[in-house]
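Input: structures, listed below.
First chain A sits with chain B, and in the next complex the same chain sits with chain C.
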Partner chain A sequence: MISSGLGALLSHWRRRPLQLAMLLLGLSLATALWSGVQAINAEARASYDRAAAMLGQDRFDQLVPTSGEEVSQETFARLSRAGWKVSPIVEGEWRVGTSRIHLIGVDPVTLPSGATAAALGVTSDLLAFITPPGLLYVSSETAERLKGNSTPPLKVSPGMLPSTAIADIGIAQGLLDKPMLVSRFVVSPDQPMGRPELSVVAPELSLKKPDVQGDLSRLTDSFHLNLTAFGFLAFAVGLFIVYSTIGLAFEQRRPTFRTLRSLGIPATTLMGLLLIELLVFAVFSGLMGVALGYILASFLLPGVAATLSSLYGASVDGALTFRSGWVLSGLAIAVAGTLLSAAQSLLQISRMPLLAPAQPRAWARASERLILVQSAAALVLLVAAAALSEWGSGLVMGFAVLACLLLGAALLLPGVLSGFLALMSRTSTRPVALWFWADTRQQIPGLALALMALLIALSANVGVGTMVSSFRSTFTGWLDQRLASELYLTARTDEEGDRLARWLRPRVEAVLPVWNAEGDIDGQPGQVFGVVDHRTYRDKWPLLEAVPNAWDRIVSGDAALVNEQLFRRGHHSLGDMITLPRGWKVPIVGVYSDYGNPTGQAIVAIDALTHHYPNVSRLRFGVRVDPQKVSALRREVVDTFGLPPQNVVDQANLKRRSLEVFEQTFSVTAALNVLTLCVAGVALFASMTTLSGMRLPQLAPVWAMGLTRRRLAELEFWRTMLLVLVTLVLAIPVGIALAWVLLAVVNVEAFGWRLPLRLFPADWLRLGGLAILAALVSVVVPLRRLSKVTPATLLKVFADER
Partner chain B sequence: MVLSLSGVSKHYDTAEGPLAVLSDIDLDLAAGSSLALTGESGSGKSTLLHLAGGLDKPDRGQIVVAGQAVSEMDDRGRAAVRRGVVGLVFQQFNLIPSLDVAANLSFHARLAERSDPAWEAELADRLGLLPLMRRYPEQLSGGQQQRVAIGRTLATRPALILADEPTGNLDEANGDTVMTLMLELIAETDSALLMVTHSTRLAGRLDRQVKLTQGRIVP
Partner chain C sequence: MNAKLYFFFVLTLCLGELGVAKAQGFAGLGTKAEGFALPIPGRRFEFPGDHGPHSDFRIEWWYVTANLKGADGIDYGAQWTLFRSAAAPGDKSGWSSPQVWMGNAAVTTPDRQFSAERLARGGVGQAGVNTSPFSAWIDEWSLAEREPTGAGDELSHLRMTATGADFGYLFDLDASGPIVPQGDNGFSVKSAEGQASYYYSQPFYTVTGVLRLPGKEVAVTGKAWLDREWSSQPLAANQTGWDWFSLHFDSGEKLMGFRLRDSAGGGYTSGTWISAEGQPTTIPPNQLKVTPGATASVAGRAVPVKWHLALPERGLDVSVSAINDQAWVASQFPYWEGPVRTTGSFKGLGYLEMTGYR
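Now for the complex of A and B:
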């Protein structure tokens, strides 16, 4: 009984391979986009975990300088003498040619055995490691980058992160130019009893507990949440296809279900068989989806890795590792999505009375009744979105607003379309037009899901496109303000910096130091920059808000400007006091935009900076000079000081690099956006193709009354175009609302900056073109079917009704 | 007795209140015999057929099919009776549209685990279906579809065949041909036949006739 029943159910798909292909394709695509994003996230998180585990930050206590700067190695001696079992670490950015490497110096003798550096085998090569020139442990990718540069001997270790190197602390101090300095200490878990308190031995240090999540993981959370939200959006759009195809397949098989029941298959067995059928499809599509997701992630991961590196300084492997976690999650979500999509249909079948007459299109008629309920639910969701954006807070709330907005708009679509078509029907007098509008309205329930999926995809495209374009436009203007100097120079030593500045002053309009100290600002890692009093800042610096005479206050040395993210994160107001490294408290007199920077930043007068942080490195300068003279000056600087070319960067070059970083940041978003639109296109194609098989009973009477098949095909074509165009027109305001939420709510919560909304109608036209293309593709099969239908087939409709 | 109904009543709830469809029906049908159930539309003929086939449950009374009290059974039990004991022939044919004629013909027998390819081949031959075996229901005429439905039912050699207006969708000539074939084959399988029909001419070809009026058997 089981095999016969299952065979009868599956025979439906054998007779409708296109419908089966749509179901499997929809589910595979949905799973692919979801699992692709999960694969990227899993890879990134694994890298963060490795970074945290590199020196045992995830397992061991740490002693860190309260000032945020390095402490003298003498502190280590003091701690050791007092009985503290700690291991010193020095770390920093090490410039090698054009590469920047995160160099970590460790003391292999005192390092606790659980720290990754110990696991790398450093201790087995001890003599070579600690004896000059030392050994550098690097990944194969880093070794490749360092090839040809003058470095200590390299030893490739598969456990190393990209762009990271481990060396002996003495060697690293030399390479980083941090002689006898220590960045932090790893605390061994087995400490002697009765040792003196830390506040007595080393008051300049504070104890930091193990950080399981890791700083990078926390910092990049918003980025991954954004990716996950996109993956989920694409998955939801894919589920529309699955829901639509399953619903129609169940509806088409309703008479078969009844026949099977009447021939002796119990209702529970029938439900079981349907569940088996669905699970087979779900597992097959899930596996396909996971494989596609892997390919997708492989393509996107290098872009994501570059983005994470430029935005957060996070090192993520550019190559994907096969992880069972996301494979299983991909399969699980495919199965869950299929069951969710089929739940309503299964429920209807379980409640289907055995004796009720088979009702073709009953599903569509029930959907018509649902339109009113859907519209009411849509209004509730839209009101909820407005209320949440007005009174809610937090990133999750931001995504809740997006979800309410998109779902509300999608649910409202059938009602709006139905109302529009009813209006057109009332205003039509010619019989064909009257039939056209009424018939189109009758199609709405069957096409509603595909159109809703299309609306969501188009809205997401408009919304994300508007956000990215607004961001690009703002960012470009901001770069013009921020990178006002025509040339940027980096000296190799402080002494060379002084000479360079003295040499430049008579030759240029102004030399603007770009010096900064690093440390905790309001308890979070940040940077303090110093500025000289020059009109470049007064005229060009992008202040979002400021007290009157803010620049005068800055020059006086007792005030600070802060970047937007620091200002928003701390919920500050102008005039609030802020604590800079080493406990220096100053009032905030202004806020400036600082896109692309995840950390807090403050600006003070240059004299105040050097006064409070005398060890600040004085290497970098901005130079104001006649743009015509930039090339000549650049050559002269290189010739006179022998500076490497990468240390002399002109404004245009810097802007181009910044914009490249910007474009890369959104390349993943753009790719996911396009893929979501593709999925929606497939949804439309699936619905149109499936419905076209059920159209004959509606078309035959009109054909019998004198409309040619060609005329009917034309009307079918215009019907699809009309529905897609109306959906597109509705998607634009929804997309703009979406962009507003992204710019004013999600970005502020995720990155700490708010951007102005700008509209780009040319982008909408391009998107409209794509939507029309999707519509054209989706009507190909129905039109071909209609053009091939024979008069005998049309007549059969009446014969069947006899 | 293959079929025995005693004191069977059935009502449906309507917007106007409960509507009695069958009242105190007593009916017996022996193996190899045939009975025509006639009456006006709404007299309860189809309801009686559905109750006999275990498609529905009576409010009161007992229904026994081939020694099994169908009226006392749950859904699973009644499904087993339909699968193994009863054969149903509908006015609407109710073939499985996605299976071809050959698969439809053997489908019920395979469900009942009584598939007999030789018997099915003979049925196909006798019903004139051999040239149509690879066709799908939508490619058949009404008469052809009904011959497939009859073949599907007879392939299981059921103890009881319940037919609801089996020729109602066919013209007179086609209907007569199908009916003749069906009666011949039923006689060979020794099945009992309970057939609902409006046609007194068709009813006259069966062993007995019972008329229903407003849910009661007219003496």
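Now for the complex of A and C:
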């Protein structure tokens, strides 16, 4: 009985393979986008965890300098002689050729066991490790990159992160030019009894508890939240497909349900059978989705890794590892999504009276009341979005605004469409037109879900597109200002830097040092740059806000400009004092935009920089010179000083590279955006095809009154186009609102910079074209079917039981 | 005090954190001493220079064991050790120094054993040994000349401190006798093949001080024995472990004796008989009869905790028994080291170290 019941239920799908395909496709796509994003996040987080675990920051207490970057090595002897069991670590950015390596110097003898994780696995000789030139532990990828440079002998260790190297502390101090300095100490978990307080032994240090989360994951949290939000959006759009397909399938099977119940299958058994059917579909599409998600993630991951590394300096492996975590979460969300989508339909079946009319209705016929309720809910959500954006703060709040906005707009759609159609029918007088408007309006409930999905996808597309384009145009303009020098040079040693500057001065218009010191600004890692007094800065530097005569005050050496990120993070205003590395306090006299940089930055006069940070490396210079002479000068510099070509970069080159980084930053967003639109297209297609099969009862009378099948098909075509166009028109303001939230709320929270909103109508036209294309594809099948329907079929409608 | 050579391995294994090649049992002790200086017979000690490190030799130690009696009437044992192990001969200042130091401290009570260890690199001030005034240290542990220094050698009046997670001590050591060269004027032969080390002792310390143990602080008095030894290739390749005794007899005489076990099942014994005045007499190879007795199960191994020692020419015929059978030093390379009591023809106290039991 049960098996024949199941057979009867499943026969539906055999007769409607397209519907089945839609269901599975929708669910698979939704799961794929979701689990793809999860896979990327999981991979990145695993990398951060490894970074944190690499030096035991996740397990051991650390002693860190209270101010500045390093303390004297003498502190180490003092600590150990006082009974503090600690292990010193020196770390910093190490430039090798064109690469930047995060170099970590450890003392293997005192390092607590477990602090280096798997990083150092294969060495065979302590002596080689500690005796100059030492050994350098790197990943195979980093080893490949460092090939050909003069480095200590490399040892490949599988546990190492990309762009990171571990060496003995003595070797690292030399390479980083931090002689006798220690960046921090790892505190051993077993300490002897009766040791004195840290404040007595080393007041210059403070104790930092193990950081389970890690600095990197905190820094990149907003980025991953962004990705997750996109994954979720895509999943939600996918669920629209599943919901509509399942609803339709249940409605169409009402006669089957009634027959089965009449034949004696209890309601509970029927429910159970339906549940099993759904679970099988869910697990199958879940698996498909996870597999697709894996493929998707491996395509997107290199881009994400590049973004994370250029944006946050975070090292993420470019290769995806298979992790059971996101596979299970992908399956779970597929099942949960299916059940959620089916809940309403299942509930209806369980309540269905045994002898209820078995006529298929394309979903419960939505009444005016339902549309009113939806519209009211939509208004509440939109008001909530407005209120949140006005009074809320924080990244999560930003996403809440986005969610309210999208959902509100989607719920408002049926109401708006219905109102629009009512208006149109009032202006029409001809009978066919009147029928057209009324019939379209009657169809709204059936198409509402697909149209909502389309609206969300289109709005997201408009919003993200607007954000990225606004960003791009601002960024390009900013780059033109910021990269004012025609040529950028990097010397190999300070001494060479000095010679280079002396040699250049009589030959060019100006030599602008690009020197910077690193250290804590306002308690967080940042950089301080020095500038000379030159019109390049006064004319071109992109100041967002500044006191009058800001540059004069900078030149006086007792004021600083800060970048927007630092300014916003500290909730500063002009004139506030800011603490630069080594406790140097100066007033803020201006704020400049600094896109693409996650860390705080300040600018002071060059003399003040070298005065406060005498060890600053004097390697980089910008050169102002007649653009005509750039290539000649470049050749001359290379010939005279033997600088490697990568140390002599012209402006155009640098701009191109910066733009590449920028494009990478949003490539993932763009890819997800397009995929979301595809999912919405499939949703529309699914709705159109399934709905068209049920439209015969509505079309047959009109056909009988004399409209040809061809004319009917034409009308159907225009109906679809009209609905899609109205949705598109509605999506544009929603998308602009979305872009505003992204630019003014989310970006400020996530990256620390605010950008002006710019509109790009050309992009909307392109998007409109895409939407219409999607609509065309989705009507092709139903229209072909309609134009081929035989008169006999149409006549049969009148003979049927209805 | 050959036994301590074994710590060469401990150090090697500690460096195993970095994956240093696995030591192959004890055979690694027989590795070639390339580039390192080798002990030669006939050299005379020169103090205070010889109290300091000899960085051209591969291994060296400053090793104190103390038999103590608490104000509470309980017998205690204490140990303070600083080992030096060189990855290459010579010393350099800063992190490129090839010298690695290890400290070991322990306190044994009749029913408990406390121990701690420390590791450090040379060249950066975390550990080292200075002479004039004498000072040996690793982290906050220290064995140093006390001020004001009385008459006598730099080692005559020392203060010795160490702390672990659950114990600590501070002892004043005062020598009541001379420094004693072991072996042939300090040239101590360790195998029939001629492996040797430089070796001298100060076995005449009286100790007063304080022991800190969980929940109590105990004033203690007793006797201590300092060993200084350095070498580069101390063991023959087939020697697998050793049993080493340092005994203070009530008569005022002292005995240092050891047995080196080899893989063939045989052994090599040697030692020094020290008169109450500090006059050493070398015991010729294999004259001292060292016989293991009852074993105890310690950390999953059968370790002899009762011994019989006989040296007919001195009328020595004693039973040696551990004060605490479980005096296991659970360091990265664990071994047995604890206070013992002798009964028989000579009554007394002392220390026993045993390695290589599996």
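By our rule, the second predicted complex is superposed on the first by the 784 of 802 C-alpha atoms of A that agree within 3 Å, B and C clash if a C-alpha of one lies under 4 Å from a C-alpha of the other, contacts with A are read in each partner's own complex, and residues count from 1 in each chain.
Here is the rule we go by: contacts are C-beta pairs under 8 Å (C-beta built on N, C-alpha and C of every residue); 3 or more make two chains touch, one makes a residue touch a chain.
Owing to the predicted nature of the structure, the values given are computational and were not obtained by experimental measurement.
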Which superposed partner A:432 touches (first chain B, second chain C, both, neither): neither
Partner chain(s) touched by A:168 [first = chain B, second = chain C, both, neither]: second
Broader residue contact with chain A after superposition on the shared chain, chain B or chain C: C
Chain B versus chain C as contact partner of A:279, first or second or both or neither: neither
Partner chain(s) touched by A:81 [first = chain B, second = chain C, both, neither]: second
Chain B and chain C footprints on chain A, overlapping residues: none
Of all residues in chain C, those that touch chain A in their complex: 14-15, 17-21, 87-88, 94-96, 98, 100, 116, 118-121, 124-126, 137, 139-140, 163-168, 212
Residue ranges of chain B touching chain A (in the complex, touch as defined): 50, 53, 55-56, 75-76, 79-84, 88, 90, 92, 94-99, 103, 107-108, 110-113, 136, 142, 169
Residues of chain A touching chain B in the complex: 1, 4-5, 7-8, 11-12, 14-16, 253, 255-256, 258-269, 354-355, 358, 799, 802
Footprint of chain C on chain A - complex, ascending: 73-74, 76-77, 80-83, 85, 107-111, 113, 116, 120-127, 129-132, 168-171, 173, 190-195
